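For reference, chains read A, B, C and D in written order, and residue numbers begin at 1 within each chain.
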Amino acid sequence: MVKRSRSMTPRRKVYISLEPRAWPFGISPVNLAICGLILLSMVGAIVETEPSISRGHERLIRALEVFFSGLFFCEYLARLWVCVEDRRYRQPFLGRAKYAFTPAALLDLIACLPLLLGVSSSESLLLRFVRLFRVLRLARYGQLARAVQHVFKAIMLRRYELTVSIIIAVGMILASSTLLYFAEREVQPEAFGSIPRAMWWAIITFTTVGYGDVYPITQWGRVFAALTALSSIGLIAMPTGILASAFSDAMRRGRDEIVTHTKHNKIIK
Amino acid sequence: MVKRSRSMTPRRKVYISLEPRAWPFGISPVNLAICGLILLSMVGAIVETEPSISRGHERLIRALEVFFSGLFFCEYLARLWVCVEDRRYRQPFLGRAKYAFTPAALLDLIACLPLLLGVSSSESLLLRFVRLFRVLRLARYGQLARAVQHVFKAIMLRRYELTVSIIIAVGMILASSTLLYFAEREVQPEAFGSIPRAMWWAIITFTTVGYGDVYPITQWGRVFAALTALSSIGLIAMPTGILASAFSDAMRRGRDEIVTHTKHNKIIK
Amino acid sequence: MVKRSRSMTPRRKVYISLEPRAWPFGISPVNLAICGLILLSMVGAIVETEPSISRGHERLIRALEVFFSGLFFCEYLARLWVCVEDRRYRQPFLGRAKYAFTPAALLDLIACLPLLLGVSSSESLLLRFVRLFRVLRLARYGQLARAVQHVFKAIMLRRYELTVSIIIAVGMILASSTLLYFAEREVQPEAFGSIPRAMWWAIITFTTVGYGDVYPITQWGRVFAALTALSSIGLIAMPTGILASAFSDAMRRGRDEIVTHTKHNKIIK
Amino acid sequence: MVKRSRSMTPRRKVYISLEPRAWPFGISPVNLAICGLILLSMVGAIVETEPSISRGHERLIRALEVFFSGLFFCEYLARLWVCVEDRRYRQPFLGRAKYAFTPAALLDLIACLPLLLGVSSSESLLLRFVRLFRVLRLARYGQLARAVQHVFKAIMLRRYELTVSIIIAVGMILASSTLLYFAEREVQPEAFGSIPRAMWWAIITFTTVGYGDVYPITQWGRVFAALTALSSIGLIAMPTGILASAFSDAMRRGRDEIVTHTKHNKIIK
């Protein structure tokens, strides 16, 4: 395939550079650059929220945003131009329209919104979200997405075990919240004045986070809290065991996939 | 069995709808509705404790309580009517009396208490408990109850291991409380003034919850606390390993049960 | 052996009742009562430290102490009387002297100290320790002591792995303390003013206890603390895996022991 | 080799004592003493940072520092003298120069810096670092260094699994920080005013450390924080499972190595 590339049309060349599944092995340089830009844009969106860093650089941030959005818009147009090379979108108009409504293409379009809606409104909450959501576009680039898929598949295979352990956990959290509600509601109405309020304490205790913003002060409250803390060992042991073995299964499958990946790619195409 | 349903008496039809073990597969629509009502009633009982939500809706809450209790009372009467279809309670009077004193029937009756005792006293602690305890009626509905049973059976099978690890844990908690009591009792009499008080600290530290309401401030107290925190790794590793393998055994058995469930049901009946 | 008991001397009968290894199966009623007394005496010693419970009952506590110490002294004398039934202490005088200096006999004697030294000094720290240390006398009663021994043996078998993981853990705690010392020593001299002080923070963070009495406030301190918190996952995973498998080995061996216990007892004797 | 030691030159004798790989079995007495000195020097450097201990003993500390640096300098010179016994550094001048630029020799030289630069500047930050970094010189002494190498090799073998789990973890930390940033930024601008600030909270919560210096107070913040705390169970289960099995593999290999160590040493030489 690489050998025949001299006789290719420019559109085909761009298609092969842009479409990860068309590239014979690994990730094409163009896609690597796009990945880098997406990560850079997201890191920018994260760092920019810190006022002590962004203050005084508002103009630079806007300029960068125009630059990133412009690049992503070019990428979007390029993808729209070359998508007809894909077997699924062969017809020039209907195929492109079909492509434009795939989730991946819509996500690409949303990523350019800061440019299309005008940079002046760049400070709005919506656009800040847009910049953070750009990271989802990385899902297009194979291996990681596949690994995550394997993890989710492995979790789905154990959904019976996980459902049982979640129901037991919910039951224990409810029982614990109810006991603490009855023990502490009069002494600490702010923290334990209702069962939903006591649930905040129960979850933070069961997961052994233990911020210490809320804790029992009555004798019975402490007895129940001690029992809650001790039973957290069992509560965590159950899903930990299930998830650990699910993950190790998923990983083994994910690793095998890498080995058979190139071969698979060639056969599929 | 479903095929012969046209020739059934109404009582038999109601019995099959109400009794989970008589329904050929899964859960009957009537029982599904009852499950939903129980969960709804319990969620209501939980949410209602939050004053910022329940304030101003006292009348609505009482009306809902009458409605739920009335439905559960109808269900109780219906179960009492049809229980004679069960092989164990065949005689019209003696059988019904026998059924009325089974734990399940008593639980059903308790669930209607808010109606029977009058809604005016609905705010009392007892009735609030009643509404929360309704959730236990879900135990009648097969799979989850069976899964929980499997978990308990699996834990019982390792009772020797668990007993040993609990005794070691109790010993370590006592040793740690005693050391901290001797190290801190003069500096912090409120928190470490007696061994039972120091046990609150020891349990919260061993389970790695660490609220931070109580912590050592003397040098020796910190040395012992650091050792306690480090030994918590071993203390948690022991029951975690035992419980994780017990749960995974229980789950495998619970899953097999589902496969053989319908078959088993038919043979038993 | 039980069949020949009619022809036994009283000394032999007392010996069989007192010596756990001489009793054919399980624990003799006399030893069960002694176990109960030891536990009761220890629970008393723990509860008594709580001033809100012990205040006003000082006389009762002293009377109970005389009672317990008296009983334990009688038990000590009885054991001294019957020890000559044991093959190892056959000679009336030399054997008894030899027995009196075994660790078990010395522990029994120490348990009576509150009686021998006079109850008036019962409030002293030493005697409080004595009462708590009585629990060690339970070590004489087989199964638990054997289970604990198995756990220790299993830990010893993995001493190489544990040594490596402890050295890595110590290295990480030192590295983390040093980094935090350099980052925070000027801002929080009280908490991070020296490496030994920063180690208190490091241990509480690595074990994920996280009291919150000490935490970094500078930027670099937070970066190093976040890395410390994240690496705690690996730090805990290492000994947890080693200990969990060591415990499961120990438990399997401990269980097998119970099965072969009676048989073994008979052969040994 | 030991048998031929009478006919050895003094240089060869010193070489065998100093070079761990030349010593036939275990660690030579000279190296054991050097290990002890290094550990002592490091413990001194740690303890010395505590003002309540070092105050008033500045002269003693300087004298000890001259002593330790002097000893390490003698050791450095001795190693430089005997290094020509090594096959790799045979030529008297070029070999010694080559040896002097190996990382081990440079580290040895750095360890003597406090002596060479003058003790008067001993309080400077650089020299404090030097004294702590001396511990790295222990890496020369076989077994531990090899065990740590095995652990790192085992981790490297699972780099695919670890990369996936780190990316999932980073994604969850970012998602959690972003949610809390949007929920709490107006109520607690100091703690959640930007995503990087919220990440401090997210890491401390995900690792279940939970200092309690920062915690959500709004309703949505608490809902997201509860979900974060619950998902921490899965987040920790993943790398824990991977690392625990990697460590157990590394340990098995490390143990086998010890068995074949002496034999290997003799063959290599």
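Methods note: a contact is a pair of C-beta atoms (placed from the backbone, for glycine too) under 8 Å apart; a residue touches a chain by one contact, two chains touch by 3 or more.
Small disclaimer: the values here were computed from a predicted structure and weren't measured.
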Pair with more cross-chain C-beta pairs in contact, given A-D and A-C: A-D
Rotational angle, Cα trace of chain C fitted to chain D, multiple of 5°: 90
Chain whose average C-alpha position is farthest from chain C's own: A
Copies chain B and chain C touch via same or different residues, half shared test: different
Intercentroid distance (Cα basis), chain D paired with chain A, Å: 35
Centroid distance [mean C-alpha coordinates] between chain C and chain A, Å: 49
Residues of chain D touching at least two other chains: 208-212, 236, 240, 245
Chain C to chain A touching residues, read off their complex: 208, 210-212
Chain A to chain D touching residues, read off their complex: 46-47, 49-51, 125, 132, 135, 144, 147-148, 151, 199-200, 203-204, 207-213, 236, 239-240, 243-245, 247-248, 251, 254-255, 258
Touching residues (chain side chain D, partner chain A) in the complex: 160-161, 164-165, 167-168, 171, 174, 178, 181-182, 193-197, 205, 208-212, 215, 222, 225-226, 229-230, 232-234, 236-238, 240-242, 245
